[in-house]
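Submitted below is the structure of interest, expressed as structure tokens.
Going by the order they are written in, the chains are A, B, C and D; count residues from 1 in each one.
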Amino acid sequence: MILISDTPFDPGEHLNQFSKANISAGAISSFLGQVRNENGTVKALELQSNKGVTEQGIAQAETQARERFSLIDVLIIHRIGTMEIGEPIVLVLVAAKHRRDAFEVCDFLMDYLKTEAMFWKKQTGKTGSLWIEPRAQDYQDNKRWS
Amino acid sequence: MVKILYFGRLSERVGTQEEHIDLPDNIRTITELKAWLNTYHQLDGILDHDTVKTMIDQSLNHKNSSIIGAVEIGFLPPVGGG
Amino acid sequence: MILISDTPFDPGEHLNQFSKANISAGAISSFLGQVRNENGTVKALELQSNKGVTEQGIAQAETQARERFSLIDVLIIHRIGTMEIGEPIVLVLVAAKHRRDAFEVCDFLMDYLKTEAMFWKKQTGKTGSLWIEPRAQDYQDNKRWS
Amino acid sequence: MVKILYFGRLSERVGTQEEHIDLPDNIRTITELKAWLNTYHQLDGILDHDTVKTMIDQSLNHKNSSIIGAVEIGFLPPVGGG
């Protein structure tokens, strides 16, 4: 399932619901990305998406993950709008029978979200605003799967 | 009347995320639209970068497609979430 | 931090506390292992540990992870005693600045926990009880780090 | 009087996780202790497997160490948590 939310979400609550909903899964991996406190240099993060293509693209990545790995369930939650320090940006939850698949799918989906998902990210700090695009490392990570 | 969407740094440069424009009849392709918007908004060619993708009626589009009949056209700089 | 608990714990609550305690971390990876429902073949799981050597060994693995990767914080919670279907067995939480370190440390610590940590695991099902030892795949996974 | 701990399947085979034994004076090493326990509990050599490790006073021990003065000795089959 894919949720794009313009209000804050509770990662722990989602982890508990997801694990209870998947008791045939022995392994639940997760990744939580949150707005990092960089000693005051970052004050807020703003994310844009496009209702249609953003969800469509993530759904395609989920389909690829299901074809490629043995997995039971996936939940992807991604914030849009304005976020402050400490607020969750993204949560990926993966349920699988065994841990190797759970880890790899989480990693695979995060690489997609960082480099291909249709989000635009603006960071506001002491010295103004900056649109953040993927780092070279992100593109390199994403190439591991192709 | 066509709806034009700008994302990320393009929205900041143009000054809006969304606008509705009555295009002249001779603007029929993405390339013609980019040239027209470039003059109209004084964009210094930022829509022409290879990294800027286009979307026509919610479908991603990498070539110089026709925009005849399109309701919504979007311009997308490099993306990244997470 | 390492917690060996003989009572159930709440994974979501720990994830939320841990992420709030580490707002300098942009990336929180986690792994949750729970007692899997195998269509009734497994009824309960019982884990033994040894107070001294079990915690000592996990602490050494955590130290290795800290030397090897760039990480901010780690929390490892492991159940002992008798657990029923759906109950959490293990939770590993890793906070790092970037996601690659967070993923790798979680993976590294789980390989340690599966093959070297001083736990003994008995599975009780329809056809009696069985002591579970690591699978060949677990040993192979663990070799990746040496 | 020495405390002997058995873990995992060894505890099931011996019938206890912990026992306190007054060992004869001539039992001074891990090897001698294993042999003595093998007879005492009728263990069919299960303590002699390469995969069974020993622990003396909370320290893991892979060789045939002396047990003189030891307070606690543990026998550990292959492990696995998670």
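The rule is simple: a contact is a pair of C-beta atoms (placed from the backbone, for glycine too) under 8 Å apart; a residue touches a chain by one contact, two chains touch by 3 or more.
Computed from a predicted model, the values in this text were never measured in an experiment.
**Q** How many angstrom between the C-alpha centroids of chain D and chain A?
**A** 49
**Q** Taking each chain's centre as its mean C-alpha position, how far apart are chain A and chain C in Å?
**A** Each chain's C-alpha centroid was found; their separation is 23 Å.
**Q** Round to the nearest whole Å and give the separation of the Cα centres of chain C and chain D.
**A** Here chain C and chain D have centroids separated by 27 Å.
**Q** Please set out, as single numbers or ranges, the residues of chain B touching at least two other chains.
**A** 82
**Q** For chain A, give me the residues that contact two or more of the other chains.
**A** Touching at least two other chains: 33, 99, 110, 114.
**Q** Assign the assembly's chain-to-chain touch graph to one of these shapes: line, ring, star, complete, other.
**A** Shape = line; chains linked end to end, path left open.
**Q** If you go through all the chains, which pairs of them touch?
**A** Those chain pairs satisfying the definition are A-B, A-C, C-D.
**Q** Give every residue of chain C touching chain D within the complex, in rising order.
**A** Interface residues on chain C, with respect to chain D: 33, 47-50, 52-53, 56, 78, 89-90, 110, 113-122, 129, 131-134, 138.
**Q** Across the complex, what residues on chain A touch chain C?
**A** On the chain A side, the touching residues are 10-16, 19-20, 23-38, 85-86, 88, 97-100, 102-103, 106-107, 110, 114, 137, 141.
**Q** Tell me, which parts of chain D touch chain C in their complex?
**A** Of all residues in chain D, those touching chain C are 5, 7-9, 11-12, 17, 55, 58-60, 74, 76-82.
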